[in-house]
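In what comes next, chain A is part of two complexes: it sits with chain B in the first one and with chain C in the second one.
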Partner chain A sequence: MNAAESLTPPAETLPIEAHRPPAWLLDRCSQAAAEFAQRGYPDPRHEEWKYTKLRTLKNQSFVTASHAPMLDAADLERCTWPDLPSHRLVFVDGIYQPALSEPGDLPAGVQITSLAQAIAAGAVGLETVLGTLVDAQYSSFAAWNLAQLFDGALIQLAPDTCLQQPVHLLFIHSAQPTPQIYHPHSVIQAGQGSKAHILEHHIGLPGAQGFCNSATEIHLSANATLEHTLLQEHSEASYHIGNLFIRAQRDSRLISHNINLGGRLTRHDLNVDLCEPGAEAVLNGLFVVGGTQHTDTHTRIHHRAPHTRSDETYHGIADDQGRGVFKGRVLVARDAQKIEAHQHNANLLLSDKAEIDTKPELEIYADDVRCSHGATIGQLDPQSMYYLQSRGIDREKARDMLIFAFADEVIQRLPLAPLAKHIEHALQTRLPEGVSV
Partner chain B sequence: MSSQNQDIEQLLKREYKYGFSTDIEQEILPPGLNEDVIRVISAKKREPEFMLNWRLEAYRHWLTMQPPHWAHVSYPPIDYQALSYYAAPKSKEDAPKNLDEVDPKLLETYDKLGIPLHERARLAGVAVDAVFDSVSVATTYKEKLAKQGIIFCSFSEAVQEHPELIQQYLGTVVSPRDNFFAALNAAVFSDGSFVYIPKGVRCPMELSTYFRINATDTGQFERTLIIAEEGAYVSYLEGCTAPQRDENQLHAAVVELIALDHAHIKYSTVQNWYPGDEQGKGGIYNFVTKRGECRGVHSKIAWTQIEAGSAITWKYPSCILSGDHSVGEFYSVAVGNNYQQIDSGTKMVHIGRHTRSTIVSKGISAGKANNAYRGLVKVLPGAHGARNYTQCDSLLMGDQCGAHTYPYIEVKNPSAIIEHEATTSRIGEDQIFYLKQRGLSEEDAVNMIVNGFCKEVFSELPMEFAVEAQALLEVSLEGAVG
Partner chain C sequence: MLTIDHLHARVEAQEILKGINLEVKAGEVHAIMGPNGSGKSTLCQVLGGREGYTVTGGSVQFKGQDLLEMAPEVRAREGLLLGFQYPVEIPGVKNIYLLKAAYNALRVHRGEPEADTFEFLALVREKLKLMQMDEQFLHRAVNVGFSGGEKKRNEILQMLILEPALAVLDETDSGLDIDALKVVSEGVNRLRSAQRAIILVTHYQRLLNHIEPDHVHVLYKGRIIRSGDKTLAHELERDGYQGIIEEAA
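Let's look at the complex of A and B:
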């Protein structure tokens, strides 16, 4: 029997049944359950899992979070920023917390709600957006997530709506005596010509331990513009595996920011499907690993249609015994002409015990394309170090300043200044001598 | 697996019935592979005991292995029992001592292929160790080389004359257990070239071998071993052509290079085996393991390859940089037209301190070909100050082909500096327009641009090869323009 089954005893009922789901949804969840049972945990020899071994994760046992503990104001304060007004949904251990959430005033045609509530209320129109993008061929965890579907966020933007404030989806992992497992599943549906910024924020409270297996489906209709920020600040004892599926239609635009700071072992798969002409994706990413952290990011950009563009910038920093993995794949389908796809991956390797593995891939079946990728692994520029030291800055401070600057190149791409500032602060605590912001 | 084992067991039984092992006179062994076939090959070559044991061990390990499936190529499964593992040329008796003794028909075939053995050997000062199918038939300039202590001979001869060198170095870079095809080669290899450059000697001429596949249904399993002692230098050329054939043929060669302190080995290949016809029928399966080890300090191994032929190419000439300050280089032009499939690249494994490597790979895809670069740059924890620069460019000609890049970069030392860049594009309309308005035909314009694209690699080739390579590229891409 595979590891997945030993991890969760075969459930008599799927979690979704608690919400009395429509038949199609129950069907999708049971199919996903069957698929996960069949695939199990990814095989360590699977090419997509070459650099990330799940032995420690497999050997742990987790309990499913059934009810969320009460959080006090101080806990919430850790995870929010007063200077960043937002439409906020709060989930604790994967379960929606109406008392802590503040969706705020929403323009007509915009819905921001808990997915569980929407299902229980018999919301219409979910059939075409929920579970339709999930694909488990690279990560069986996506199927597991759908099988265990219980709650998450549902964001629906009617055509031509525009949200001025960002949506803050706050997934808090509470500190519990036994390690928890939860499977948040979010759906974002951006109607034609709509515009929004969605912050998917995963954070662990001090002492939190467990496994968050998240999945997010994003549907971009024609001309929609969506910024999606994934900020991962789990505690050092936590595991996070996240799958993002994005389908971009004609002339739509996705701007993704993927900031990975916490967690013991984290893995994120971004699957971007540019399926109609004019669609565009900009992917920015940063990971910082120290201690014995392990982080792995896989991006797959599939140019299915002509005249699609993608631009990717990922920076990685590995210190102590940390290990950072990046795999960026760009696939250009046959006849998808007039493509422009660029990828840049730069990594800083700062310690003898740290490791960086990177694999930028191009797979191209059309000829009228302009594609490039560049990857570097190195250390701080000795000339820059010399320059700073010659100005009277001591070695440690100079080092931290340069590391900070390297990371900040990606952070500065965030349009929300308070958010960027928060990330800079988080980074600063790890670089004690870094510049103050 | 178990069914494969069963098949093999059955065959084993059957072969015994026919008294297979005693049939040494045979020129081509009947199809099939088992321990007796290996014993026959070894006996035909009058190999010492250690060689036979080495082959048998490789064979037994091969039985436990699966063919690799990760490459971006597809082909029907190969029935290894349907292949014949040994074919000697028809000219009998002992190997000829000089050109006059070589079967004139053989020389004629070489002439047809544009390899004038006499001319080239004499005029260009190249010693040619020509391998026709499996047995070495002609070796020139050997005496001149022998004066300097250089050994340049067929592998079988080396096994007879210099068993101590073979025993010391064989399989130390490419272990018989390395991969499926290397294990197969170790078990059944029939011949190949052996080069030994003694301490401090700079080989006075380019050493060269022309490989060629001829007999029907014969897999060709060459094995080359080049050893450069301290301070030695050698440049080795390998060129391949094959006559037109309909059935796919397997070629699983192994090349091992060993460079000791301050030694420098330059290995150049022009590979132009039959790529199959325009419908993708036929062609050679070229599954080759090439690896060099820079064992000594300040040693250097440079691979240069022009890959124009073969239906399928699966080849990753690699450098193990164990010596401190050693240097590995890889320059490649891979051209695919029609239905060719290429999955090629290199591995640079940095083990010693201050090791450096350079990778320049140019891939050209035309017709319905798929051309993939797959490379690994690995820096181990002890490789302080390691440096790598990689550049992979792909040129697409036609909207039915594919160009892929799969670089793997694994770094465990913080003082390493690794750079990788890759681009994929097609020939710009503006470039063609510019050349056409200067009076060039479209075909000439494309040839000029393609040659420019490959120039960095061509400039690494020895002179006579560079000229050949340019011509080859033009022939390979014929019909791809327009």
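Let's look at the complex of A and C:
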């Protein structure tokens, strides 16, 4: 199937039908398919796509992965860390791999499974959480994802359950002769007072090529605390568009880390709805682009209720001809008094041909709020460079130290030390002089 | 060790140094004093090799080599270390990492292997104690959130670890309370040795009560207008700069 064909009205059968879905689900997928067929790719003149052009993506042909190739232990080793025990689900080219997965021992009331398996097994209670946050009006790609729903992760935390180890959702993109497309869809349902850290990890094996169009729906019930880390390490020939939808109820807390290192063209939309008083979202992000990489993050935080808080810190680094885009939108509803919203976006531009576009956007309809935002684009601080040189450190090393430090401010916010170390290491290998910590 | 000969330098279009002559030998401590705007800091930055400070005439020989030809990092590795008047804050770079990178750069320059981590830590701990600094300093970002006194202590800590042949201390005493001044002065006094030289650039005579100089120079309008021994500092303390300036005019 090439891109043009994928835009034709939904085929007679949708992928979800393979799992004998309940009527409501088939309905939702069909509606999404109709929505996508009508909308197609976003209009390049659309404000939301001003800085990210999809021409090369549109002109590519992709095939849908029908079965996943066998991976060996070495492949898996590239993507996991022995010093970070986790509950692990592995997907290869979007398809669940039970043999590679190790959900491990789970506390009573916690479910971590393949969404396809859950649907096929007739799991109850999915109707309120699957496909309900996907805002098809907002994103063509989210609609496309839901239309093509086939597999992904389902994580359900019963009230007051707590996971000590992180959940590692490992989406591996394998190297195939023909570029592939897959649409992983994950649902995370955190019950009242529950707590967990979910690592959504997208990684391409050397030589992988294709397009991952992911969607993740996160439901936080009252007083739940969820840390969600999105780590994107696609290969240099891959495209990734990801839509995250988060709905946070009373006194719940989302801590999001969004780390984008790989891929040819990547775009993530984080949609956070703070629906009830006391809900809080902390969003940390880092992107590093070099070569001709392009990455784009749009965050949209909607303060719908009073006494909600958001705090956003994004750092971007662009070298060579790399291009980075950050748009941070904060909406404060008329009745959402006494909210606090802070946004900080800092960027390092390391070459004349690199480009950064940053755009804070605040829409505030309440009158008693505390909001701040700041965006900077700059080069390395010459004073810091001179200070390091004056201590005997050469220019190249000083440069690497300062770039690393800039990125590390965000990396250090990750509570999982082995994961932070992995990201630091990935960054170090891209810095010519290398830096150890 | 250091020979400055008819040094002229400008910052942007303005000529600041107008023919400085200075000879510093191993084992000596020189104090360079002068009113604000006399060119003290410019001299330090020219010695450090900062961009934007252009030498328009004269020469500087350091250990028999042309200092002005060297990149800032080479000057440091050759043993000329500059203590900053305003140490720079560098978020995200830990003190211990800066110290280690600097120490190893020095060792590699001398053809020695990089330092063993444990030995290096032991060395750092010993020097921390001398400067009455807590070990937590090592894990804080360089100068970020440090008080004025802590920044200056940190400069001297680096000196004690890197052991330069020539330490140039730019207004190391400014912004220090009397207790911090004592600690910093003690650190500087520990640097003194027959093989090493120190240039203290200061506005106040107070520092020289704690670090006794062998030579004192008065810098005014880009020239050294008078040199003498430590008694010159006392004379300045008593009479101020005005007398000497008028006398030189």
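Convention: the second predicted complex is superposed on the first by the 424 of 437 C-alpha atoms of A that agree within 3 Å, B and C clash if a C-alpha of one lies under 4 Å from a C-alpha of the other, contacts with A are read in each partner's own complex, and residues count from 1 in each chain.
The criterion applied here is as follows: a contact is a pair of C-beta atoms (placed from the backbone, for glycine too) under 8 Å apart; a residue touches a chain by one contact, two chains touch by 3 or more.
These figures come from a predicted structure and were not determined experimentally.
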item	value
Which superposed partner A:Y386 touches (first chain B, second chain C, both, neither)	second
First, second, both or neither for A:P360, with chain B first and chain C second	first
Chain B versus chain C as contact partner of A:H373, first or second or both or neither	first
First (chain B), second (chain C), both or neither touched by A:E340	neither
Winner by number of chain A residues touched, once chain B and chain C are compared	B
Which of chain B and chain C A:D311 touches, first, second, both or neither	neither
Sites on chain B touched by chain A in the complex	70, 381, 394, 396-426
For the chain A and chain B complex, residues of the former touching the latter	47, 51, 334-335, 337, 347, 349-352, 354-379
In the complex with chain A, residue positions of chain C that touch it	48-51, 71-73, 75-77, 81-82, 84, 87-88, 90-94, 97-98, 101-102, 105-106, 109, 141-142, 158, 162
Residues on chain A engaged by chain C in the complex (per definition of touch)	381-384, 386-395, 397-398, 401-402, 404-406, 408-409, 436-437
